[in-house]
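Some notes on the structure that comes next.
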Amino acid sequence: METLIDFFTGTLGLGPTLALSLAYATAIGSLLGFITVYAMFAIWMERKVAAHIQQRFGPMEVGGWHGWAQSPADALKLMFKEDIIPSGANKVLFWIAPAIVFCGVLAGFIAIPFAAGVQIVDIDLGVFFIIAIASIEVIGVIMAGWSSNSKYSLFGAVREAAQVVSYELPSATALLAPILVVGSFKLGDFNTYQAEHGWIIFSNPFMWIALLVYFIASLAGCKRAPFDLPEAESELVSGFHTEYSGMRFSFFGLEEFVSMLLVSAITCTLFLGGYTLPFNFLDVANLAAPFHLLGVAVLIVKIFAVIFVQMWLRWTLPRMRVDQVMTMGYKYLLPWALFAVAGTAVWHVWMEG
Amino acid sequence: MEALEMYTVDDRSDVYTEELKLNLGPQHPSTHGVLRVELSMDGEIITASRCDIGYLHRCAEKIGENVTYLQYTPYTDRMDYLASMNNNLAWSLTVEKLLGVEAPERAQWLRMICAELNRIASHLIAFGTYGIDIGANTPFFYAFRERESIMALLERPSGARMLYNYIQPGGLRRDVDENWVTDVLAFCDDFEKRWAEYNTLLSNNRIFIGRTANIGVIPQDVVYACGATGPVMRGSGIKWDLRRDVPYLKPYEEVDFDVPVGEGTHGTLGDCWDRYWVRMREMMESIRIIRQGCAALPGGEVMEKVMKKMYKTPLTPEAGEAYMRCENPRGELGFYVVAEGGTSPIRCRARAPSFCNLSLLDSLLPGTMIADAVAIIGSLDIVLGEVDR
Amino acid sequence: MGLLNNTLPDNKLVGAVDTAVGWGRKSSVWPMTFGIACCAIEMMAVFAATFDLDRFGAGIPRATPRQSDLIIVPGTVNAKMAVRVRRLYDQMAEPRYVIAMGACVCGGGPYVKWGYNTVKGVHKIIPVDIFVPGCPPRPEALMDGILKLREKIGREAVFARRNEANTQMNAKYDAVS
Amino acid sequence: MGSVREYFSNIANGLGSTAKGMAITLRHFTSEPIITVQYPKESLPIPPTYRGMHILEQEKCIDCHLCAKACPVDCIEIESVKHGRVLEWKKFSIDYKKCIFCEFCIPPCPVDCIHMTTEFALATDNADGMVEDMLTWTGLRPEDQAKLEGKASPKKPAAPAPAGGGEGDARSRVAAMLAKRKKEEG
Amino acid sequence: MNEQQLHDKLRATGLGGIGELESSARDPFVVVEASVLLEVMAFLRDDSETAMEMLHNVTAVQRETGFDVVYHLCSYSRHHSLTLKVIVAQPEGEAGDWEPAVPSVASVYPSANWHEREQWDLLGVRFNDHPDFRRIILPEEWIGHPLRKDYVYPSTFGEIPLELDAIPLYERDENDPPKPSEPRPAGTPLTQPPSEYSTRPDAGGRAPAPEKKGES
């Protein structure tokens, strides 16, 4: 972000406020561009992964090789669909809900460091900022569920509220373990720490439990795999977005994949060494100017590995019931998260001591 | 401690709550067709439920009274469209009982093999759609992969993929081609490997067991009271199978197979998991039957000579009535035919197993959640073509 | 919308938009999980692995009528079900297409003579785009029907389905729903 | 104590069965062959006994209406004028809106002239486009007129002009199948 | 126990109204009086020797002289089954919509609940003191009982056209909207004539005589 500001003030000689706003504009614009392209690719990837697991081809005929143009075609079609607002619906809430859901998840990307300098703002409370912002999405979902005046979407919204709120507890506690090791909340420090000391996941055995707990809690956070109760396909017809059609529905579809991206980015940055290679192989953090963008590529490869595991889980496991999701959250994940944090603390005190 | 009581709300008299009427409507991903269940809900818990059927009523019994005996066979296909070979078998046996005719030896063995193949295909669909009801989409695709090979096998002699019209009164439409039996045996060997795969994928999955154990428990007296038969009855521990206890086809006496019964392995006896597990084990029993059937397949004619003329002039059995029960994948299908000498019966009643199994639903649903309701409907494995006829 | 409906001149630009949007709609037709009878099992076979419909982008069956563009009516529609089919069709978002799958909904099928409560052909209650006869039609026959529907969608103008003729036709249907 | 043991067995069982299930799906993802039949390019092998669209060998047909009577849904309509032994064909149509492909019209035919082919692609977009006409020629052929007037009919081979139907639709494919079947017998 | 021993046990109970065992038919049946039906059923179910656990099937058959309701009972522990018949003769007075009445056995065998509702729905056989007596398969507002021999096929149900060559709704023109079928006043027999272009069986809804179709 600083390089952008220097570029605008230095070479173009603009005033500081104009340069700052232009820098933020370009940064957020490129972030939005990356996210939409990523989302389209992720939807296509999900359909191909699902297809090959089920021994079929998935999208083939649309576009050229292996149906690469499938997601743009879906987006184009959804744009020209009729935008239905149900008669009994609460118009304002119905109209604004997808926007809130999408912004809630998009705001989390401010603190994610994609490469050495490539980060919009290195917020001090980085990790907890992301978790807090990502929970705004629940408000949007409840709005969507309540305002579309259909019983199924109301059930979906209420389930969503119960599930996501109760899964923030174990996910936040599980993230305490890496924070203990690094000693700061800023995501930039995580990368520098992991550049010198190697990946946090290998720092002590309890970290594996923290990673597993966080991974499961993040699945519930973005309504995926065994926890896709809010839009349970077979029970609640289509959950909270039953009444949405056309472009509004595509926002909900996009939001699911963007929250997967956000959650995988956090997992990679905190546990799997951000944009650094395993034994700081190429010392990516402080390479020369144009090459430090290699970090972005490293981070994206790791993100897609984590996303592949999420997709792989979705097409294997059945769905849990609402009360089972709650018992798992409070009885199984939370105690193990605390155990992992306590274990890490004891381990480090004993190692340094 | 009493300070704590002050805060707990014991009597909910002043708390105003309202019953929510929910329509598990005719178009719903997991009602296995067009069944509508009116649920009144208290939050996620169902307090009362009432089934509303008739969305697929296709006047089967009125057609029975206007169409000749042979021409009614395709309509029996369309009653339980997942096990149409077994329906044809039940109808043909009823007409043969009415006429006092016996199908030739080879036809009876081929009927048994085709009926068992169709039973496996029907149980595969029950397994696949039950996976989707509980949320796992992949078992559905593996189940349909096996089902396609069964349909290809049954397509060769009968000529159709799903509604066969192959078993007709007096025998079979035509004989099977020569390497049909070897292909059937090849399918049986391949199926055993796949079956083990299904179990690791779904049956022993902890989440699946959590979703189906101890849910929708049917005690044995309710089974008798509501007239539930087939896997629903065997799931509750009653060891009864028409193929073994009242053999309606001679080959069933010469073939040895055992009748899988629910044992309450995960949770109490008679829950959804037991019914599901009975169906899975019945698939392996059918494989055993098919292997023994293929080994002992006699040669000879396939269609009774005196019945060959029924294609040209319709059958006219003399006055009388006949009631025949056969073991369908979903339970005991009974045809009650009253004939008075014409070319078509004056009354042709089908006692559909899904119709009786579904009458259990109203007593099972209250007290469960929607996710369990979906699991219970899936475990009863109803087919609406048969419920509404 | 009224302005855009019928004042668009037919020139290169509008033609190009039509083909582009037509390609978009054609290559992502989302059917509805709506199964009535035996044809529904053959429709499930079309979604399954052997005849994968996802190859044409139509592989995500949506459960709600709002998000689905294509309603395949597989199985006999009787008097009690006709009102529901009609309501489902009304709830679908506008560029919506109908495939009548199976002889029962093409023109009565096996229940044409003695069916006292079956609707002889679903085109009597909702406008049908493609008829796929067969009892039940093979999965390949349904895919043949879907391919023909895709060509028909590809040729359609962007707002073809929103002009007056279409809305009047639907208005006549309000009697049923 | 029992609940603690059950607590840990739940965890072990859950993780174990999930891992085994994921192993299977991974094996399917990597090594299992894809079994999709890409319809427009390839198609499943259809057995000859398949019950698809009908074919009529018109020369053999003696207009006895037995197939029309045997049909449970009366979807076969036959109209022809009898001039002694010669038939002047008006119409022999099968209404595929009603036909349930039950093959009851095949056995009663005394001269065995109606068969079922393996043709299944009948999708059309007009409501009454599903009434397929089975005739290869209508009215009287030249040799029929000759027979009528009593002259010796010239011995030129009957060239049945396939009535109507472009290349793509089902009728022409059935006509081609009819010609192929005649070659096999002839 | 075969049917004969079952019949002797029934006779041994001393209940009146139990007819002869019709052993000549393929499934030997016993004709039972409507009044004594409930006690016979309760006895067959509770007696340890007969132990008829399940009522397999309830069917009503319309004959020229009236209706008979057939009950198939079967025992799973004793491996035997029995058929009971209740014959309700049609009094000469009424014609058309006369409804035979038979006591409901839903109190003894709950499975009869749905079977009896279906027989009422399709054949119009009334079952007295049935717990939840309404149509099960046909819509609530359906007129008439379709399986009756003299049933006339309706041409529309409310607005929905049920005829083969009815005009599709979108081809109707506004100026002559379809006349809504006025509701039939209660009690009047179902005599609306089939519309002129209907291919319904010939007038009166009677199924065409078989010889017209099958015999050649």
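The first chain written gets the first letter, and so on, giving A, B, C, D and E; residue counts start at 1 in each chain.
We take it that a residue touches a chain if its C-beta (ideal position, glycine included) is under 8 Å from a C-beta of that chain, and two chains touch if they have at least 3 such contacts.
Quick caveat: nothing in here was measured; it's all calculated off a predicted structure.
Engineer: Taking contact as defined at the start, I'd like the list of chains shared as neighbours by chain A and chain C.
Structural biologist: The common neighbours are B, D.
Engineer: If you average the CA coordinates per chain, which chain's centre is most distant from that of chain D?
Structural biologist: A
Engineer: Taking mean CA positions as centres, which chain lies farthest from chain E?
Structural biologist: Comparing chain centres, A lies farthest from chain E.
Engineer: Pick out whichever of the two, B-E or A-D, is joined by more C-beta pairs in contact.
Structural biologist: B-E
Engineer: Just give me the whole-number Å value for how far the CA centre of chain A lies from that of chain B.
Structural biologist: 45
Engineer: How far is the middle of chain D from the middle of chain E, if each middle is the mean of its Cα atoms, in Å?
Structural biologist: Spacing between the chain centres: roughly 40 Å.
Engineer: Nearest whole angstrom, what separates the Cα centre of chain B from the Cα centre of chain C?
Structural biologist: The answer is 31 Å.
Engineer: Which chain D residues reach two or more other chains?
Structural biologist: 10, 18, 21, 24-25, 28, 34-36, 38, 44, 66, 72, 100-101, 127 - these are the residues of chain D that touch more than one other chain.
Engineer: Quick one: which residues in chain A touch 2 or more of the other chains?
Structural biologist: As it turns out, chain A has residues touching two or more other chains at 53-57, 60, 233, 237, 315-317.
Engineer: By residue number and range, which residues of chain B touch two or more other chains?
Structural biologist: 28-29, 54, 57, 59, 62, 66-67, 74-75, 138, 141-142, 145, 148, 201-202, 205, 207, 312
Engineer: Which positions of chain A touch chain B when the two form their complex?
Structural biologist: Where chain A meets chain B, its residues are 50, 53-56, 151-152, 155, 226, 228, 232-237, 315-324.
Engineer: Which of the residues in chain B come into contact with chain C in the complex?
Structural biologist: Residues in contact with chain C: 25-29, 33-34, 54-59, 62-63, 66-67, 74-75, 78, 81-82, 125, 140-141, 144-145, 147-148, 161-163, 384-385.
Engineer: How about chain B: which of its residues touch chain E in the complex?
Structural biologist: So the residues of chain B in touch with chain E come to 53-54, 57, 59, 61-62, 65-66, 68, 97-98, 224-227, 229, 238, 240, 245-246, 312-314, 320-323, 325, 332, 334, 336, 338, 342-344, 346-347, 349, 351, 355-356, 359, 388-389.
Engineer: Under the definition above, what is the set of chain C residues touching chain B in their complex?
Structural biologist: Where chain C meets chain B, its residues are 32-38, 40-42, 44-45, 48-50, 63, 65, 75-76, 78, 80-81, 84, 88, 110-111, 113-118, 135-136, 138.
Engineer: What residues on chain C touch chain D, complex-wise?
Structural biologist: The contact residues of chain C facing chain D are 49-52, 55, 103, 106-110, 112-113, 121, 123, 128-135, 137-138, 140-145, 147-148, 152.
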